[in-house]
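Before any comments, here is the structure.
Naming follows writing order (A, B, C, D and E), and every chain is counted from residue 1.
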Amino acid sequence: MENFDIEYIKEISRTDVRKCMKCGKCSGRCPAFNDMDIKPHQFVTLLGQGKFDVLLKSKAIFSCLSCMACVERCPRGVAPANVIEAVRDTVERMQNGNAIKAEDIPPIVDDLIPQQLLVSAYRKYRK
Amino acid sequence: MQIQELVLHKAEEYLASGKVDRVLAWKKGETFYDNSPAIFTKDNLNGFVYNEFCAPNLSKYLVNESKKEGKILVFLKPCDTYSFNQLVSEHRIDREKIVVIGLECQGMLDEKKIYNLGFKRIEKVEDGLDNIIITADGQQVQIKREELLSVKCVDCKSKEFAVADETIVVNEMKQPDKNSRFSVVSELEKMTEEERFKFWQNELSKCIRCNACRNVCPACTCTHCVFDNNKSGIAGKANSDSFEEKLYHIIRAYHVAGRCTDCGECSRVCPESIPLHLINRKFIKDINDNYGEFQAGKTVSEHNPLVDYTKGDCEPKEMVGK
Amino acid sequence: MQRIGVFICHCGTNIAATVNVEKVTEALRKEPCVVFADNYQYMCSENGQQLIKNKIKEYNLTGIVVCACSPRMHEGTFRKTAEAAGLNPYMVEIANIREQCSWIHKDIDEATEKAVILGRTAIAKLTLNTPLTAGETGVTKRALVIGGGIAGIQCALDIADAGYEVDIVEKRPTIGGRMSQLDKTFPTLDCSACILTPKMVDCAQSEKIKLFTYSEVEEVKGFVGNFKVKIKKKARYVDETKCTGCGVCMANCPSKKGLNAFNMNLNTRPAIYIPFAQAIPNVAVIDPEQCIKLKTGKCGLCQMKCGVGAIDYTQKDEYVDREYGAIVVATGFKPIDLTNFNEYGYADNKDVITSLELERLMNAAGPTKGVLLRPSDNEHPKVITFIQCVGSRDVSGCGKPYCSKICCMYTAKHAMLIREKYPDTEVHVFYIDVRTPGKNYDEFYRRAVEQYGVDYIKGMVGKVYNENGKLMVQGSNLLDNTQVVIPSDLVVLATAIEPDPSVRDIASKLTISIDTNNFLTEAHAKLKPVECATAGVFLAGVCQGPKDVPETVSQASAAASKVIGLLAKDKLKGNPCVAHSDEMMCTGCSQCARVCPYGAITYEDKTFGRGANATVRRVAVVNPAVCQGCGACTVTCPSGAMDLHGFSSSQILKEIDFICKK
Amino acid sequence: MYKIKLSDLDKLYKAISEDYPLYLPIKKAGEVNYGLYGEDEEVSLTTLKTVKSPKDAFFPQSEDLVNFKVDGNKIEVIDVRKEEQPFVVMGVRACDFKAFDVLDRVFLVDPLDTFYQNKRNAAIVVTNACTEPEDSCFCKVFGIDASDPSGDITTFIIGENLFWRANTEKGNALTEKVKGLFTETDDKIVAEEQKAIREKINSLPNVNLDLTPFKDEMLDIFNSEKWGKLSEACLGCGACTFVCPTCQCFDIRELTKNDGTVSRFRCWDSCMYSDFTKTAGGQPRTTQMQRYRQRFMHKLVYYPENNEGVYSCVGCGRCVKSCPMHLNIVKVIKAFDKGGKDE
Amino acid sequence: MQEITENKEFKPLIVAFCCNWCSYAGADLAGSSRLSYPANVKIIRVPCSCRVNPIFILKAFQRGADGVILCGCHPGDCHYSEGNYRTRRRMSLLFSMLNYLGIEKERTRVEWVSAAEGAKFSAVMNDFVKTITALGENKKLEDLRCKSKN
């Protein structure tokens, strides 16, 4: 059993939040901004501050579209979406992986769905 | 007409017309193989020869010969022409005073290989292109040319003339297989460091430091070699320690790196048959693999991979042992 | 046999605490050639130097070894000391027993042993030193300034003011540079043209200044004090001496569709043109790509209309050879290309513009005659949004990692000017940080906020998109944690600046090093900010790093003072540690010349021997004034004919021997 | 006279090497040279010509002479000579054995070369008759009988056997030690083989060279125009001198060791080298022609002049095989032959 | 560093060639920052890394050096603008040749150390000493004649 803590999120996010210069471009670009209780830039800040519990309680991890716009636009090479994904994964893994089942996939797959969305969808639904 | 006569005719023609004063070629020796480089004049063409035992590369003699009065005609085999160009590039010979006649070469022979066949008395050796006809011990045998080639000709780099004012070619020369040239180097590269060290220690420990490899090398034309110069800090005459041999051969090869045309004379003349060309060829292979294909002496050029560079060159650690 | 003195410095406790200086003294005293050895608390002090001077005289020393700090610190000091005592300054060797010994080792025995080895090695090297004398060269009393912007202009004026000749080479048809495109300047809001054009005129009128406009540096040879430069004067197709700048040709030119680079391509100009009204020289130039006559041979209207017969379609590029003692590089900047930033919609929307374009839109001499009209429909914009840090501070690879330094201030300037001229306009500024260090700078920015009511939003814009004819600027407001969308009429991008691309070519011609962002590298970041590693070359303006007008002018004057200091000398002393070739060993193979980065090596045919034994050989000759002493040639030379004074092969080999001595 | 099966030779080598260091022709990386016997080494006793001659045994290519240490004004001289232990050199051909005589006349006359002398005295020389002489051999010209070399012991390889004959006290002593490996035999087979060898030698191409001009016309030869042509291809390398069994020139050099001790050593030098005979006063031989002439004049004229007519060439033919440009002493002798070609 | 203290018998001798403008200054900075590296590293100052002749490197090995490292300015930063580019080619070829002759490739190294990289200089030297200590004595390229007999 893995040890789920702030370091775990930092590690699996594979991004260095210290590079953030707090410009807010991620949140400026985010299409799901209004649906998020914690905004993309706050995810980065909170991870930096080590606020593990606050992150875990976030509802926003399930409203993030994983569109990666924030990653694309970040001038400092930080990847907020990776942080959100990492929090999401951590939450999922702490719940012992009750993700979508393989046999449920085909009916909902549409040729135009981006792979990335599909993968994150496995984790998002069936909370 | 056989090539020998054609070559002699060409020499006579040039000398008679007064277009040249001297001819640099080969002279017949006492037995079937021992031809030596020689200068001929209008009055004396005795012993003039061109056959399968004319391995010596004549280019280097031009360093001194082209300083003398008058014009000189030189006969060069395809591989010798590269050395010639390289020497012109380095301002070592005066191109204006030289007429270059390129000669057909089907690969020169190594008399040692013939003796090693076990004949007691060798009477005659004739060139039959693909086969060599040997008359010895009262019988005649044919041996495939490939089996008797001089070490310098085994992996011929090219049958093309890099330079020639005229050429004499009777039989077509087959272009050598380019891939085979570096095969032995590649095999050595595949060995472990220990195996390679053993191989070279074995080979280089034979060195008697006679300097034949250096003195025959057309790229070694220094007025005063560092190994003879007491001020250089590495002067030495003896193979007194295994370090000496390595130092000598590494520096010798390094000093000609990028200028060595791979003529193979060093290996041909080594009394101890050390495969010195494999050292030079490693430099050539590294240059080709890392800095782009380069053949020294292909043209008269300022270009030399050791004086050029590109900003994207690989780091030493990326090249060493790869 | 040399007589060597060894002086071991305690450097207070810096050395003495970890190195047993007494032991070192004892050990080194026994080395061959050493006739004197002693230690002292501070060798570099007045007393320490006096000790050295005394001992040199007392023991009739032929050379000294100082075991002390790094030679980079005090080699010069001790050379002067030796010279003052009558010794050749190059008979001094330093053993670095502080930075490379006492400071990095803790164990006294270990450090002492190493100090002895380093001392011994220095002594061994010194035994092979020879007295060296630096060669002297004259100084051409003229300077070259590359670039005719404000940096180049200021620099040239200062040099001319000191009484030296100076040439400006400017690639555009007029001097003036970027500053001539600006409308107002912060923080005083002076009209840019009003303060720049008098300086341009001064340049034109100065007897000492010669302008080469529409010209480029083709080739640079030589060295400090003696540069030989080939200047290419591009064909103008207009005789500079005849043209009066009357403008008749421009009015009559039928080919009027050329993009006006001076106005940031916001409007057009004829094929024959004068960049702007105050151009210096006020002379027309024909764009050969656009001129009908030059392209097809038909037309020739301007030539017919020109009252003074200045038009000459047959003009060719001309080359001028000039000599200089010093060179100043002031090649300036350009805004970066915005193709990597499609989120701001610069390419798709005419009303998304750069700040430099806004300067032209607000300038009375600009395409809108100073009335702020947006490019798409020539309407007054009512809502204007500024986005800062576009391409600056960006390590993602799209932009530049550095801060462009000037954007905060000019954005505040723009916002303020707009609010003043058009009070009904709403102005928003998205910012990450507002950086305003500088005299009266922060006050200036606060005025924009407090007095002019400019809306500063802390946050960055994520995207700009067009919706119903409005530019929707979507960004975050980090202070209230919201995402805002501002429907705007005009969006202004505070675009990052980068060195003018021509700088790369100039750098390689002058062998100046360049950093990863294409800025030229100064000789020392703090203490030699206007000098270059290449002697005799100086830097001014943005080519060295982002800076605003006041800073540029300061640096230009600093560079000028360095140039004046150089030109004031009649003779320059060279570095005697240069290469030299032993002609008895040289074979003339030419490899050394091919590796010399300074072109210091030439060849000559030399006769050796006499009478019948005479032979002519080609040998290398090193020009000691050009050689910088890198030693590349010494390794390329297979015969070992090439060697380096001060770092000779035998010296280095001896150092190796002594380091390895057990 | 004894004999031993060739297949048992390994036992013989091992037996000898138990008591003495044994030097004999060993094949390494394709070439055969004299080397110290060891069980892993590949002995090649039948090789007619080793690349280098066995002169290394007494006059190594590089040899320490003396060490000294300098401390301030004091110089400490350290003698590095060791007492030489007896050793065996086996497989020496008649020509090479004769070459020892040539070297003796240089090193064993006043001033005596003790380095050489010690080794020479310590050596037991086992010679080997040449059952298969080659085209390049011309020892007969110098009166050498390749079928019957002397030495402390003479061996003959005939058929499947090696025949062994002790000639001296030293030889007898060694024979006693290894006698167990031999079977006794008479010398009939050997005598027959010797006859056959002599016939073979007589049919070689270069056995009738005429040396008389070198005795009679020394000055004419020295001043001859022919040297120019003869030497024009010479590269000035030292291959011929370093493989030569009789060349005895050396240079003395020094090397500073890591502890500051200076080692003075000698190493072979070659009269073909451009810096040979170079002194502070200059270089008396400035051209390769002069150097080339010197080498052969020394072999065929000067040396015999000083040594009762003994030539310092033994006709081993190594230089004939090793010269990169195929120049050699045979060509020189023929060039001055009265009936020779005019050049 | 740990290995070094463990193996007390063998302290390798390291010869480091440093260019005057970058790496020597980097070594100075390591010194003024008190960033230690083993005392068996000895530095030879050269004007530019391109001054280093292959002969110097072989000579150091002859004299018993166990490792030779060459430090210069980062490519593109050469004080003489292109010296280190030449160094890079020369040393690549030389080191490749040494390895071809069977010399351990770890014994030779080129590192680019700027005047600002005192920490790097120290780290590089520590690492190099560690590597060479693990590799053991240089037996393949030393000159036995230079060794004093014990």
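Quick note on the criterion: contacts are C-beta pairs under 8 Å (C-beta built on N, C-alpha and C of every residue); 3 or more make two chains touch, one makes a residue touch a chain.
The shown structure was predicted, so the numbers you read here are calculated from the model rather than taken from an experiment.
*Asks:* Identify the chains adjacent to both chain B and chain C in the sense defined at the top.
*Replies:* D, E
*Asks:* Quick check: more C-beta contact pairs in B-E or D-E?
*Replies:* B-E is joined by more C-beta pairs in contact.
*Asks:* Per-chain C-alpha centres versus the global one: which chain is nearest?
*Replies:* That would be E.
*Asks:* Relative to chain B, which chain has the most distant C-alpha mean position?
*Replies:* The most remote chain is A.
*Asks:* Computing the C-alpha centre of each chain, which chain sits at the greatest distance from chain C?
*Replies:* The chain farthest from chain C, judged by C-alpha centres, is D.
*Asks:* As a quick test, compute the distance in whole Å between the mean CA positions of chain C and chain E.
*Replies:* 33
*Asks:* Averaged over CA atoms, how far is the centre of chain A from the centre of chain D? Could you give it in whole Å?
*Replies:* 87
*Asks:* Taking the mean of the CA coordinates per chain, how far is chain C from chain D in Å?
*Replies:* The mean C-alpha positions of chain C and chain D differ by 71 Å.
*Asks:* Indicate the residues of chain D shared as contacts by at least two other chains.
*Replies:* Each of 256, 258-259 in chain D touches at least two other chains.
*Asks:* Using the touch rule from the top of the page, what residues of chain B touch 2 or more other chains?
*Replies:* Residues 226, 232-233, 240-241, 306-307 of chain B each touch two or more of the other chains.
*Asks:* Which pairs of chains touch one another in this structure?
*Replies:* Every pair of chains in contact is listed here: A-C, B-C, B-D, B-E, C-D, C-E, D-E.
*Asks:* Report the residues of chain C in contact with chain B in the complex, numbered from low to high.
*Replies:* 584-591, 594-595, 603, 615-618, 636, 638-640, 649-650, 653
*Asks:* In the complex, go through chain D and note every residue touching chain B.
*Replies:* For this pair, the touching residues of chain D are 28-31, 33, 51-52, 61-62, 132, 134-135, 203, 205-206, 229, 232-233, 235-239, 241-243, 251, 253, 265, 267-270, 273-275, 320-322, 324-328, 330-331, 334, 341, 343.
*Asks:* Which positions of chain B touch chain E when the two form their complex?
*Replies:* 188-189, 193-201, 226, 232-234, 240-244, 246-247, 250-251, 253-254, 257, 279, 282-283, 286-287, 290-291, 305-307, 309-311, 313-321
*Asks:* If you look only at chain A, which of its residues touch chain C in the complex?
*Replies:* 19, 21-30, 33-34, 39, 41-42, 69, 73-77
*Asks:* Considering only the defined contacts, which chain E positions touch chain C in the complex?
*Replies:* Residues 13, 15, 20-21, 24-25, 27-28, 30-32, 34-37, 39, 42-48, 50-56, 59-60, 63-65, 76-83, 86, 90, 122, 148.
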